[in-house]
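Below you will find the structure I want to go over with you.
By letter and in written order, the chains are A, B, C and D; residue numbering begins at 1 in each of them.
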């Protein structure tokens, strides 16, 4: 558990035991204790994801794949029709309480899917967690805290914890024979958690991180940092950026002539969904992630075909996370016969959920409600992710601070 | 504007207030919460109106005080229990007042767009300070788990965890701020800052050290912004760097212009309109920003004095038509404005 | 020593790019008195246009040549339809209007090009690099950007200092009535200036696209930093924008290297210090 | 010549870049007199007044008011010492009523206006001063009219009214007749004569008839320097002044 969120979230345990009552009082008698039951009404899926701004691609990928998973079944969730209520999160923490309350209190959704931003995840978890609310499925935000100190009965994640894709990356880097490395990431929660994980794995395996560069978020002017890297000449560089920042970093890295001299590693987001935009600059970058496009299992092949057919492009890891969010819900709802009001049974069904045939391969839910999943080693070749092997099999997040784990 | 038209506006405002008072008993739970947001932004917008509409200082860093107060509340709130409001409120407001004093000391020397930019610069520095301060939650922000308690001795005066009590608490704060600002504007101090807005050089030549008057106005506006941030910290339960970002500062500025600057009640209405439309447009279409953009441009082009200007025009028209039909002679102009 | 030299090169190169974006902003403000928040959105539109057009015609430079007229027309139309109605009004309404424009342009971008990240390949002729040290090379394209920016700076200098248009520009930023008394149609003149400003912003987006990438929201960040540049230099002063851009280039680069913990504040602290010392910016009129 | 000194400048100088707008001006102004400053355009008269009121900073030299060095005081302090001024270019609060305009002037004589609670309109002493100023400048009937809606001449009157409201000992008047018609000018001249009864006036004016009818002392400035200073009679008879200025002026106007 990195130190940055300790103060913010450590009060959580107290909250769970004592303040549940407070939360319940706060909403008074205005909230119905249970939700619409029955085969006739629609299942209401509230989605809080970014649809505007830099991260809109993530929101769209997740939402598209979620809907696709429902369609790949019979278009229903356990026989009930589905109604989607999406809200643009705008990646704004200040708006998060209101947006969450809208989905929970006004729209009375059965399931709450979101978000991308870990700060928003914390808000949602806080509002949803302590009470008999809808079940929350996190299809991206990797903050360790969500399934760490903030973990709760009704919060599940179908994506990853920041620790998961980063930790094996550090080991891979050491296994490739590198002795010294520089870590570089944006100075925000996800970046710092991933760098911590990668660094600790690298150093556990005999490497040494000689410098830890933190770039102000969301600054994309990397030249100064690249010159530092060039001057320090580490054996390897471990980087986390995503989206536009990932494109720019990888291209700048190559343009500065560093690519062929100092190999680049990182959590898979460095090249995921953006390798086309990165072009030749991404060739040869090794990353670790819980998905690879060329996984040969039949579920993945079917998913990719269907996604291409529906949206005219190939899915990425975010899509897979959205796909599995839907799968988690469908699976549990089927087990309880479509009764979305049976929260306790739904939670039981989700807690023990096993997915032998996800596009990402087999995974199951940990006690802290985070996927236990393979982390794959991939390399960009010919503009595509090439699967090199499994970097860590059935990797489980340590879930530090979670009472359920 | 004549007194009858301004009386009409007063009736209109009072009837709106009555609606606000009644709302928690009829409104949906979610919308009651949304109205709380609107009122908090109303307070924030009024405080900025003191600067823009009355002192002539356009700040693009006003969210700094809003966010800062939230952080102060998070800092002073103990780990596992509610902090007393008698401690928390003065702490937050004095803290933001101090910040406004320091920032204002350097900022109010400049004017025009330079003032806009230097306030932005200070707010951005605060933004990055909190964004990178991992002890305070970094980019994710930090929770405020418990609303401060309002107790006297061992007696609980107000249970702010009660949705409805908290609603009225915010409403009373908003009204207090409104009347406090009205009082300020009517006082000798208020006369001077309005003079500064109209013609700063002349005001100085008349014998006022305008720097100090602007500074005091800046500090008062910052403190009231801090009150809004304090309330939002209680309401939202979280404060994040996003609360002090330039997007938030820009939003407040838009609210003030949209509502009609230099009217105090206009910015409140601007806050209600802006937040309501954001909520509503999102329900209509995924391309809600397009609607918002068109709306904003339409306001600029067709409502030059904002919502308050529209209300004033309507009141004047209504007054005229009533007068024309009921009385042969139009009423004589009395003293202008609504004290 | 070599590292210092390279960082200096980085600063200057970044400064050039900032100047290119900021020059249009300062021109529009200095001449028309318009605070154009949509400048960043124009920058983004330029990047998307060159991405799209390069895809269509398969040539980056032709893409730029085709894109610029589109931006000129867009700027002209926006000025005629909306901005032109606001000259008599307070600056704040221009701020609000251009804020509305940002929302619309962002949404248009989403509708036209979606929310994916794109990139524009560096044109083959410029796709190489020069070795500076054994590990670091400097991409030719970045040097090309610097050269282009220098040409633009020089071109603007010549236009402003030596031509009749420049004379009008200089006169107009001091005294509007004077321009009118010279028998110039001020409305048409403003429309031209505004569309030129839009095209300059877009040009910066186009030139920068191959080294950055093209993504939603890319205009927001550049907007704030350009305003910082313009204000440091003194609003309306092209020379000031140039100096301001260099200062910010230096502050940003060396801030990251020397004080990494406060790097993000370095730029704003620099601006605050300069404004405390000279409230009207380095080359601004008091 | 025996009246006591109210204001004195010593080598007062102001430069704008290479231009010396006011060049080593040393003048003495005596209490109770009307002292007019004349000279061609660009002679530095307005700059001189701006220096006296501290609207601009002095480059060199000093200003003494009632024996006190006021050279480096800010304009608000200068005003509070009892020096009031009006501007050549109308400088009022256009969106305020006449009363509000004068009110701000009168209120500035409170020990401080950092008073936040009691409504300003309840300050009777301020109201009295403002009303008196309105009466003196002849705008009492127009007290509730918004300044921007008045005629140019009335705005010039208001300009003087605002100055009077600050209850000054010394009035600095920068072309009070600028741009006025004959009738309006006449009214202002009458007003100035009345003011001269119990104030000291320093007056810049181009209208020579007006100047000769009001002033006792005259200073002629040319190119930022004092060409000649003395009583009206002395100046009338000065050959240098005739050559350098008065003769030209007659040609011009």
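Everything below uses one rule, namely that a residue touches a chain if its C-beta (ideal position, glycine included) is under 8 Å from a C-beta of that chain, and two chains touch if they have at least 3 such contacts.
Please read these numbers as outputs of a predicted model, since none were measured by experiment.
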item: Chain pair, A-C or B-D, that carries the greater number of C-beta contacts; value: A-C
item: Interchain centroid distance [CA atoms averaged], chain A/chain C, Å; value: 36
item: Intercentroid distance (Cα basis), chain D paired with chain B, Å; value: 42
item: Chain centre separation in whole Å, for chain D relative to chain C (CA means); value: 48
item: Centre-to-centre distance between chain D and chain A (centres being mean Cα positions), rounded to whole Å; value: 73
item: Sequence positions of chain A contacting 2 or more other chains; value: 51-52, 187, 214, 216
item: Residue numbers of chain B (touch at least two other chains); value: 128, 131-132, 289
item: Pairwise chain contacts, counting only pairs that touch as defined; value: A-B, A-C, B-C, B-D
item: Touching residues on chain C, where the partner in the complex is chain A; value: 2-3, 6-7, 10-11, 13-14, 106-107, 110, 114-119, 121-122, 129, 131, 133-139, 141-142, 211-218, 220-221, 252-254, 256-257, 260, 263-264
item: Residues of chain B that touch chain D when the two form their complex; value: 183-184, 186-192, 194-195, 198-199, 201-210, 212-213, 216, 335-336
item: In the complex with chain B, residue positions of chain C that touch it; value: 29, 35, 82, 85-86, 89, 91-93, 95-97, 99-108, 110-111, 224, 227-228, 231, 235, 261, 264-265, 268-269, 271-272, 275-276, 279-281, 284
item: Contact footprint of chain A on chain B as seen in their complex; value: 28-31, 33-34, 37, 79-80, 128, 131-132, 134-143, 145-146, 161-164, 232, 235-238, 240-243, 247-248, 279, 282, 286, 288-289
item: Chain B contact footprint on chain D (complex, rising order); value: 53, 55, 74-77, 79-80, 85, 91-97, 100, 103-105, 107-110, 113-121, 123, 126, 144, 146, 162, 166
